[in-house]
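The block underneath contains the structure these notes are about, expressed in structure tokens.
Chain nomenclature is as follows: A, B, C, D and E, assigned in order of appearance, with residue numbering initiated at 1 for each chain independently.
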Amino acid sequence: MSGYERIAFSFIAVCLILFLPPLLDGVARKIKAKIQLRQGAPILQTYYDLVTFLSMEPVYPTERLAFRLAPYIAFASAVSAALVLPYGRVIPVSFTGDIFVFLYVLAMVSIAYMIAGFSLNNTYTNTGANREMMIMLSIEPVLGLAIGTLALNAHTLRIGAIPFAVTFTLSVLLAYGLLAYSVYVEGGFIPFDVAEAEQEILEGVFSEYSGYLLGIFKWALMIKRFALLWLLSSFISIPLVRNIASGALGGALILVIQLMVLFLLYTSIAVIESMNARLRIEQIIRQNAGVFVCSIAVLVLAALGW
Amino acid sequence: MAVTLKYPFVKIEAPPEYRGVPHINPRLCIGCGACVNACPADALLRIDDYEKGTRKIVLDVGRCIRCARCDEACPTGAIRMTRNFEVATLDRKDHVEVVELRLHRCPNCGSYTDYTERALEKALQILPEGLFDGDEIRKRAILCRNCRRKLTVDDAVEASREVVE
Amino acid sequence: MKELFTLTVILYLLSILAVLPLRKNYRASITVGHVFTGLASISLLAFTAMSLPEALKGKAIEFTYNLGVAEIPFHVDGLSLVLCLVLGSLGLATSIYSPKYMEFYERFGRGWLYVVLYSTFVLSMVLIVTTSNFLWFVFFWEVMTFTSYLLMVWENDEEYVRKAGWKYFVTMHVASTLPLIVALALLYAKAGSIEGLNFNNLSKLHLGPIYYLLFLLGFGSKAGVVPLHFWLPDAHPAAPSNVSALLSGAMIKVAVYGLIRTTCFILGLNETFGYIVAILGTVTLTVGTLYALKQTDAKRLLAYHSVGQMGYIWLGVGAGIALMAKGGSYAAFGAIAMAAGLYHLVNHAIFKGLLFLSAGSVLYRTHTRELNVLGGLAKLMPLTALFTFIAAMSIAGEPPFNGFMSKWMIYQGTFLSGDGLLVFCGVMALFISAATLASFVKFYTTAFGGVPTRVTENAEEVPPSMLVGKGFLAALCLLFGLIPSSIIPLLLAPGKVLTGADLSGWISTKYWLVTIKAPGMPSGGETYFNPWLLVGVLGVLAGAMLVSYPNRPKKVVKVWTTGEPVKMEHYKLKAMHYYGPFEEYIHGLYHSGDVLSEWGSGVCSAVAGGYLALGKTLLRWADKVGRGITSAGRWYVENGKEVYLDEAVASPFVQLVKGLAIGLEELSLNYNLLLAVAVAVLGLILLILAGW
Amino acid sequence: MRLRSLYVFHLDTGACNGCEIELFDILTPYYDAERLGVRLAASPRHAHAMAATGPLTRQAYYAAKEAIKAMPPKPRIIVAIGTCACSGGIFYNGYPIYRRPESGREGQEYPRRGGIFELVQDLRDEGEYVGPVVYIPGCPPRPEEILYGVALALGLVEKQVKGEYYTEEVGFELPEYPIEERIRLSLRERLKYVVGYFDREKVLEDFMGLVAKAKSAEELHGLIQGYCLKNPDPRVSLAMRVLKREFLRLKEKYGWEVKGSAEALQGEVRGLQVSADGDAGPR
Amino acid sequence: MKEWARKITDEKVRERYVNEVIERFRDKIIRVERNADNQWMIEIRKEDLPEVIGYIINHPEWKETQLSTMVGADERPLRGKFSLIYWISINGASGDVFFGIKTYISEDDPKFPSVTPIHPGANWYEREVKDLLGLIPEGHPDPRRLVLPDDWPEGVYPLRKDFHYTDSPKREFTDETKYPYREPPKGTAVFPLGPYHVALDEPGHFRLYVKGEEIVDVDYRLFYQHRGIEKIGENRLTYDQVNFIAERICGICGTAHALAYAQAVEAAGGVEVPERAEYIRTVMAEIERLHSHLLNLGLACHDVGFDKGFMDAFRLREHVMWLAERLTGNRKTYGMVVIGGVRRDFLEYRRSMIEKVIRELREGFQKWADQTLSTKTFVKRCEGVGVLSYKDAKRWSSVGPWARGSGRDLDARRDHPFAAYKYLDFKVPVYKEGDVLARCLVRAEEILESIWIIEQALDEMPGGDILAEWKEIPPYQEAVGFTEAPRGEDVHYVMTGEGNRLYRWRIRASTYNNFPALPDAMRGNSVADAVLIIASMDPCYSCTERVQVVDARSGKVRVLTEKELTELSRKASRGV
């Protein structure tokens, strides 16, 4: 891998991380609008929203640092997490190759969200933070099982290596399903968007954020979703071409397929979102726990070598 | 497929039955105040100035509830509901329509009466010709109340005004 | 090196001597005592540092103290040093922290006694982890149990404290001391002499599986492993916070030390045993943490987490044992897994100690530890809040703090083991990591988040000395998180010794980058983590955003209450309602956990009943036989305000104990029986050893 | 604000619900304000604009004040939706309605005071920044009207209204109709009971057209029948017949001749009255 | 007249009822008077109020009785006393009677025994007369302020005749004068919902006392939208103008209010309404029901984040709105109903427009319902949520789909036939589950029924005038007018006055009777469902125009077994 390739891909990656998520959101909004038979916002609308928020002075309901710094931390964590994913065959900043580190760094977005939410005297933000935590709690075992199955199969936990090493057995296919499910839940898409439910709890923690703090926070959340989906899309797209992709061109091919899969994922998510109502938190917990119990079988399958 | 209308980028016509904002046609208004009495929201005001001899009929679209009672009551069709609805503005003054009319001045005593010159003309138009002696009633009608009473005739204008209202 | 160790011991003993003249002056006695213990801790740390090179080479430092009546052999290897490090750091932190903190307990007086007990307690632990004779091991073990019990019931005017103490005492003797003594008896029968009980000699014997069971029971109950954990959440919070820190931070770690020392070094690696430990660990971490999730008493929450985090340690150690026993390429990987467990041991000691000290600080200022009524302390106690936050994030396993590093290594050790069962254990560990996070988000935000409540509005920052104590631990949290290479080599030493494997190809800790390779890994599949680079990236990104979007509140407005004013005290989720739906969902688990815990304590009470009966019998017997054995004992019997017949019997061990517990007569008479039992046990040991 | 992005927080200060629902309606498929970047904000903290509806009751006043104060310091656009928010509407001087003391409770001032502006003025007096106020009158405004107002706030359209001040100089018209004004007014009034106030103008106009064409009552009768044939709406036909009958009755009552012989007319009238009563005509 | 209409308006049945009451309380009744076809006024002494009202309301044979409205009036200029009338209606299969239990209260002793302990449904009414007239209900369990703003001074009663309608006295707004909310039950946090909450499109404050997400108890303060309409109607406006303010009581059920008002005046003044006008009124009322129910169903979807359902419902609704606009000139405030008839006629082209729209709507709506009910997540959210038991519904005198979802079989259109309903045939859907889903299903079925009613009305519409001429209304006549608004029965009481103005006008919107039952439906549910439950009541705060009371009972959550029982019975009876 040449230095130029590295630099070029890293540059593309940073651009994607920072500027693609609002576009994806815009696309999803457009698709949802189309399903609802309306024209919908322009595809670039999320950029407009973001820019207006970023240009506004915030108001501070508290002086607490936890509240004030949370957006920055969330943003930094989301971007950092996204930076360790493969773009083509390049990982822009590889402070880790490990999927757990990736998940934990990504989880810092949620932690920032929760700490900020709980650091206020406001039952809305509290409830939002509370729900975020519960969702994380309920989905973590499923995610763990998916990773465990992949690790059993591929004998590695390195994000960049799993898709190259994995052999497609029944258990791995099921693990992909679990991973997709976990990503969907972690991403907070309807019916799992209870932590930021607008009608129920006024977007949870965001109900106290304003101006550029809100802008940064929302941006961070979009990047988080992007990172999660990029992980999934990498896992899906790299095995498709791993035998033919080599060199810079191969990297470009992978990147293109990654992007295509990403858009495909986002599209299907938008469709699922618009066809569902938001669940209650206890329903989500019940459902995730059910998924977890069922998916223990996947691990057993993997242990048996299937 | 998307059913969204293109408004406001493409103009849209309100249906013919629509009760839009009312508008006073100042060329038809006789300043009788029937609309003012009919208006439940007090969007219409009648402001008389007996010093200057003017009557203002003030329509504030920003207070209007668009019930069309004024339209129903106006004897000359001066105030009509239009089909216009694009009346948003940043300045409330844009919502106000004022028609300032001259009050009739009694040729006898020189004081202003509580009806406008136009109302008088309208009243005369309505007055059934031939029911009374035409010229006679016209003479009396133009006088102010006190002067008219002096002439012991005051029912003609009153009657016609009743019809108007 | 030996000298430094001796210095440590002497300093601890000096602290006891130094306070005896200061019996009247509460504050002075404690301060003076802790100056010595602090110095002792420093010297222990120095000893650790000095011994490090040897340990890294896989060698041990061996020396013997000849006390005249007995010889105490010492064997300090990597494993011991890990514990020495823990004891040194925690001992130093509590020594700095305690003088001020103990003012809180001034109403109980007897500061000197506290210092005596404290020093004995810590010293006993130091000796446990360094001695290489099983007899002495058990002896110090009992001293540790006993002194810790006395420290635990310090606040003896509280009913719950006495109850917790009783529970602790009985459980420890039934479930911990008794198995150890049985093992000791059996081993002695095999070895035939006190020298034969030296670890070296023991490891040459061929010992059956019964020992695994006995040690598992003995150390498991001390470590609070499910289902023998029921005493712990009652016991640890009952003690003063600085003692809780030691109990949770150090004492239960000593049990892990004991487990590794006995089962790995003496009994030998056994794959099945490894799995059992790992599974027990998994059960423990799940049950403990999920229970912790619903606690609203700050210290009780922390205590349940001690149970949970012990599970992590056991999981790591268990996986290590299992994999090392498997041998082959797994041996080296097993060493890494065990290192992960030990890493978590060190980390847990540090952050749990810090958390207890923080809880103590809150208690010190607000006189409550009920999270439901606390709030807003971050504004009033900013540094305490910061340290607590660091500790909370560490225990929750957030990068770049130390808790993350060890958990991460545990995940590597389990997920990459290629073994479905261990992977599942890892999955549970991952899940529970989230639960830990949940719990500590609750802990931190209920106490420190929001606006001050009526209870906390008058609180202020704790005195500097307490802050220094906590700051030291917080710094260690960061150090071990950011520079794993500062400790990982040491942690790898036991595994290296056990397996004799060359680890260089499997784990590398260049500067601050950790790379791990597992058996069967495809090329380019090594996992690695570079905390500094992460911190750098995070810092640059957050910093850039902060510069572009400065964060300066000009004006603070009211929180949005949807228009209608709400009193702030009501406008916050109560701690007890955090995660309500989740807890409701796993209610079944709580229920079975309760049943399990009842069952455990039921068995224990039954055994305790028998034990007590035995004790009484022994007491009667000892009373008859031993009344006149030592003059010192007689002297005491005749001159003491209260008469403990058995004490005389149990001399000379009893003498030592009695010296420590000289003030005990002032404690409630309820303890007489307990004390009697304890001493009876010691008597039994003595009698066995004294040549029968 | 150059970009089309406007988060709107909805503030109901005591409205009848009509404007609320229309505000909601602009988010739905046919109007879809999201096209213009408009979204309803969940919290005033996110809002660029406050969409106020209602006449500002005293109970809502305090909460509304809190809400505006909770907004980011800028731009704080206020969008007054509906007549009530613009000026207090029909409720403007009820006892629970908030009005500043200087607004009075019964006045001849214009523009009429009341509504959200009272609150805005109070806030400005307190030194809080409040942005421009966009007034969208209507009771309730059509969704298009709200969209237009929003577009105005976003600078997408130009305002179209202007205050007018007419004086006598505009001239005076007194239109003449084919029938006497008195009768026309009576007929107009009668029509209110048959087809309602709205359709009567058209019907009356047609009728007058027919009258103008007719030379006699008979001819009028014929013309009306022709008209009804052309226009199959039974209601209009009915109205025409009622008008004819009424017209002829009035003519007879006052006994004047217009275009044609009086006797013929009178005979006609009697006959018609019989037939009209036979209809499903008015009682 | 339809068979059922004949049956329940049977004169003999009514006489039997009236006679039974007269027999029972022979010595307590001072005067009996028949005000209108189905309205009897019975005057008693104030001491006997609880007994008489309790007897009628809890009469075992008249199952669906309810407190329809209660009117306090300042009759001092007439009789030197205040008056109080409790209007109780007998609904359902039993018959069609309104009893007005009237009593006079002297100015010197403005107290009367509270009926609330016997019938909680009287809670708000009695607090309201306390606020607005200064009549004090003795023994009322929760005598807090209900209607007036917090900064209204004590001792000033706006509905008294000596209070000028433009006056607006103030007191300082401090913490002490703030509405006294209940202290949260121990260990609960406060979850304030409103007045400015994105899912409540109208201001109303709910104070949910929560344990985590579970609602333990509810306190509330409404009447942010109290606009003093009654006072304006009695003072500033003439009979005809009042119609327009009546329409603006509520932007959704304006026609129902205008109609109720017009009917009350017509009953009091003996104005005969042309039959065609009755049909037009009926069609307008049903069009209103169509758009209101579509709105509510859409909002229910929106509140649970199911935007597809929301958008589709509103898309269907838009055609109804456009239709209304073309029929009347306005999408909401139709300006159709005036005393004596209606203002616009249905010309032929409008009639065909209606037919076209409702034909398409029927199709579209059925599709919508299929799609929504097959969205599992939506049904999951609605099922078993916000259960209001039949007992509670009756206890609070609840009306409309809110009560019909809980098994109360009442509908003013059928039980007290007004306008053209007596000539038309329709079903009244009733579900017994009492949960949000049941209410949604009631509404969905009512939409189809409404379409059917409109079709019939258009087919049967007679010719003739659309407006009756009336010259003068005799003064001091009393009557109630009632309609079935989309949310339930609306009752307007009028007492005619002199000078073309009303003497007393009392509006009782359907939400007024439904609201107090809300805490019962909300307790034990999750915060997440709070707005959904509120929306499922289809509240119209502006109608209610006054606010809430806290439930004075202990904050105990219903026992699980009881919940299970209701659940079981629900399962057994779904689809009844």
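Throughout what follows, a residue touches a chain if its C-beta (ideal position, glycine included) is under 8 Å from a C-beta of that chain, and two chains touch if they have at least 3 such contacts.
Since we're looking at a predicted model, the values are computed, not measured.
The set of chains in contact with chain C as well as chain D comprises A, E.
At the far end from chain C, in terms of centres built from Cα atoms, lies B.
A comparison of the A-C and B-E interfaces places the larger number of contacting C-beta pairs at A-C. Taking the mean of each chain's C-alpha atoms as its centre, the chain lying closest to the overall protein C-alpha centroid is A. Distance between chain centres (mean CA atoms), chain A to chain B: 66 Å.
Spacing of chain A relative to chain D, judged by their CA centroids, is 52 angstrom. Chain B and chain D have Cα centroids separated by 16 Å. Remark: chain A and chain E have CA centroids separated by 48 Å (rounded to whole angstrom). Among all residues of chain C, those that touch two or more other chains are 557-558, 560-565, 571-573, 578-581. Within chain A, contacts with two or more other chains are made by residues 33, 36-40, 59, 61, 123-124, 126-127, 130, 198-199, 202, 207-208, 281-282.
The multi-chain contact residues of chain B, meaning those touching 2 or more other chains, are 2-4, 17-18, 40-41, 65-68.
Every pair of chains meeting the touch criterion is listed here: A-B, A-C, A-D, A-E, B-D, B-E, C-D, C-E, D-E. Residues of chain A touching chain D in their complex: 29, 33, 36-42, 45, 48-49, 51-53, 56-59, 61, 198-199, 202-203, 206-211, 214. Residues of chain D that touch chain B in their complex: 29-32, 35, 83, 86-90, 92, 108, 110-112, 114, 117, 132-139, 141-142, 144-145, 147-149, 151-152, 156-157, 159-168, 170-175, 180-182, 185, 192, 197-198, 201, 254, 256.
Put simply, chain C touches chain E in their complex at residues 372, 561-567, 570-574, 576-581. Chain D contributes residues 43-45, 62-64, 66-67, 69-70 to its touches with chain C in the complex. For chain E in complex with chain C, the touching residues are 178, 184, 187-190, 192-197, 203, 205, 207, 210-214, 221, 526.
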